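A quick write-up on the structure given underneath.
By letter and in written order, the chains are A, B, C and D; residue numbering begins at 1 in each of them.
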């Protein structure tokens, strides 16, 4: 069988290079073109030695491919997607440029006027656990953010069942790779190492995305959501601790059952019997979810963990690609987490 | 001036060795005796090379001292304190054995029947910011736990002012030293490193201590408290993110002012203008507090950071000692944090 | 094609669990039995959550398999290998029990009398780059140690070419997983983290193995070898810096060429143009080698890096298995390193 | 007693801020002025929160002080020193600008023509263990580099005794702070963390400084020195493993004695009985040295560890200041290492 031609725009960031790593062993597709402005003309392996085996050259422009992954910064992605879609290329966009359905949110949260607001309705939010059928036929996928992936998957079963209400609090802890590869004092080893801090207390850009999806899961009742992200000294990994008021006092086993049922057929979700570790997902596409009831205070506490670069970015993008191209959904994503 | 003789029971754990480190440069006291069962008979410096300069031998029993620090595990401390108090020695107990006022909580939370419940009323909870006057004349100090120190200091101003109500959620992130020095798979470098996890979801032992003190701060209204501790890969440091429902929508500047006023005279509390980092307190006795208002959801969010071994244990113990012995409260605790 | 049945003895240590991770995606073999004394009877996934997808139960004894991997501690392995070989099972032993050709070295370096010294001649040292043909037909493979793999691959081209002489100095830096999974104060996160130390200065157990192989590479001239291992705070990875006196002053490009030629056909060796990072090999079976000439002092300096659990243990074992079973040598080992 | 006025030029780098941290508790001096171009006009505590207690404002130019510490990058320091010396200010220069006695080495190793070569003879190399008497009366101190401090202290006793000869190999491992605070891809947390690498294989700038001092210690025999620095994932700390050919086979105890005798009166040197850890010196001014003999190969192996920012920079500078100003040499440097 001939392999399908795919390309990665901006392979030199963390999401881009993780796409290349994961796609390199996918049996049904090949990477035929990768771009990266600052490194154009270089061998991929001289810029990123761990990818030397791929024998690719970084180019300035993407060659013609059937499906393109955009790993560009926010704002730059929309125009590139528009160009590729016009050529008939299917697009999976890792940036936020097509995640929000309301164009007017972009100036407020991302500081730019959306260049092609008409695409927002067409774009499918690429969370297969919620939108599998739409993804299969989509031409444009808005790949979810890392925090939203962890938070939405943690809260979806409870919200859909209508057993929780406001306030919902999402306290998330992310590894440093979530902030990207551009060097800054914040990701300097000596500053970020052996350190914990909260940030974006005046509103993180992933908040409107979280609210949009939680609202869709709770159509009858508007949920109040507080979201505080933190940086912890790991390279990869997000742990989201989600707190939600329980409307009634449930049997803890019912909650466990509700979650197991909700995700029964999902290949990448596991409901765990003990608190999951981010390290249990390093390099793998799993989301581990652990719901518990604090009976004393009648709070539902749900812990979810993902690898922010895999289920939170590149792995989820490939899961979406598999659905779009008719592959088994888990193809190329079978490797267990790297541990320790 | 002759220095006051002090001793450390169980110098070989993390709290004990941190007491030795900090006391070694205190101008008003000297360490004349240190104990540690497993290492009795050894030079302190051969067991703990960073303390070689102290020229002390680890003994099995404490010599006569004026003031003793107990850095024993829970349960072992109470009997030792009783013995020392009977000799007329003043005692600062780093364990939990005298923190809870209700003796009946010990079997439930600590799995033992308290051997001297009559001491619980006498013991003073050693949080100087709340109990300074009682500490000065105390013979027995129950030095607060690390999580309670961070959480109570974060919430005290708001609770005392009566501006917040239930639910209160405390999401705390602790470095690995908080779990002590005994080797286990949980603190193995390859398991704890590059990892984040929640634990004790069925109730951490510091919870009744937190509830006891928050109740005292909010006498008219019983507060519902959810507390979830997490382990993050740092050696030291606790960051507590505290969420509390605001009764009215306040001006954010009023909150900042309320906190500044509450802690105006406190030498070890700083209200910060931006989110504090645990690393800003490494090795130092400070607690940095950052209150913000999430107006969208009407939540008060207070971030507090401490070094769990200093303000969360040994440093706070020395602060208490300074008050008990009539020294300037900051004596021996003036060194800024080690950064980076 | 039916998959070949393989088993892992002691899957619960780091080498054993890495074997399971890597074998789980190998297209030609299946893991049909895994053992682990302390965890016998448990689901693999409840003991090691990252391997939950394998759906295996840990048993006390190995079921019948065609090829068994032994990931036991030194000394326990020899008897188990003897038992399995008698059944006709082919054995790849990750321990040191068959690495040394001279039985009399075992009491000195490993503190035990070898139980089956007659097997030492039969065992093939499993370094494919040097012993590929013998490995193909071997029934018993002595899988090399992690330090020896890094050091021998770094020095083999120069020694075989006869261009270097004594003294040879091997200064090696290893991640903490090299010391195994048993908790001890040495691998406690707070002790091993943010720390560097040398150890085994009176002679590391890998030294006689290194000497044995370097002697075979330099039959005409006995080389004096000094080896100092160090622990650095990473989970995985070995970097060996090897220093050897050059007999003549060579053209630096000739050295680069000599190394490129020596390893020209090797699928897992890369001669790099700049100093390699251990992180470039995390989770992958590569050994990256960087030879340079210090013309000022006429020293050859060769830096080599591997993942100690992959090319230094489990990955190399699978490379050996591929050769023994007639698979393409790289089968199941194609994933690039996990980066970052 | 009135405190002596001191200043720090470029307080915003790691050496500068460590000077501020250590000086802040020195009983005999006060910091009256600190500069830092990028942060001029800001409160020190808003730029560096761990130093908020110092209540200093960062200025563009240094106020008049008796003694100035220069923590500027190489090349910028020389002119500033010249200016301050002309005013009668005594200068301790942390940069390399006055370390090399031969002006012609600067273009080769540091890429600039020295602006005041006549000062090179006047400058005293600030290693108190070798140059204590000259330091006391010096007006200009060239504070040693971090690698040279570790290497020279490790080798001085053996070289001075004439018991070792070429080749000498120095394999050094440094924490990330050694490369400074400017963000780059090399010190990005996700790139430097969980990684080990060698660098500067074509000649590190500290090499001529090491050679200069080792030559002075071995006047009769020119020693050949190979020096390879490595980066390891710690914030602070250098461990130097030094290998030197022994001229005769010595009694190992004689070596231990030789080292103990050489450093008998030294307050900051400890000869250790077991391999020292970098963590044993974190935040402290100690250099721990462990000499051993590899009798099999007749190599002397000396391990030394320091905190690169303390004994390798700011602490040593204050030790020099104490000598220059007539304070007890250990004043303000008595705090044990921060551990863990």
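The rule is short, and it goes like this: contacts are C-beta pairs under 8 Å (C-beta built on N, C-alpha and C of every residue); 3 or more make two chains touch, one makes a residue touch a chain.
Computed from a predicted model, the values in this text were never measured in an experiment.
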item: Duplicate of the A-D contact set - from B-C, A-C or A-B, the pair where over half of the pairs recur; value: B-C
item: Rounded Å distance, subunit B centre to subunit C centre (Cα mean); value: 46
item: Centroid distance [mean C-alpha coordinates] between subunit D and subunit B, Å; value: 36
item: Length of the line joining the C-alpha centres of subunit C and subunit D, rounded to whole Å; value: 38
item: Overlap residues in subunit D, where contacts from two or more other chains coincide; value: 14, 175, 177, 190, 193-194, 233, 235-236, 276-277, 279, 282, 340
item: Chain contact topology (line, ring, star, complete or other); value: complete
item: Complex contact set, residues of subunit D against subunit A; value: 14, 175-177, 181, 183-185, 187-190, 192-194, 233, 235
item: Residues of subunit D defined as touching subunit C within the complex; value: 166-167, 169, 171, 173, 175, 190-191, 193-199, 201-203, 224-226, 228, 230, 232-237, 239, 241, 243, 245, 275-279, 282, 290, 292, 294, 296-299, 301, 303, 305, 340
item: Footprint of subunit C on subunit A - complex, ascending; value: 14, 17, 20-21, 24-25, 46, 48-54, 177, 194, 235-236, 270, 272-273, 276-277, 279-284, 288, 334-340
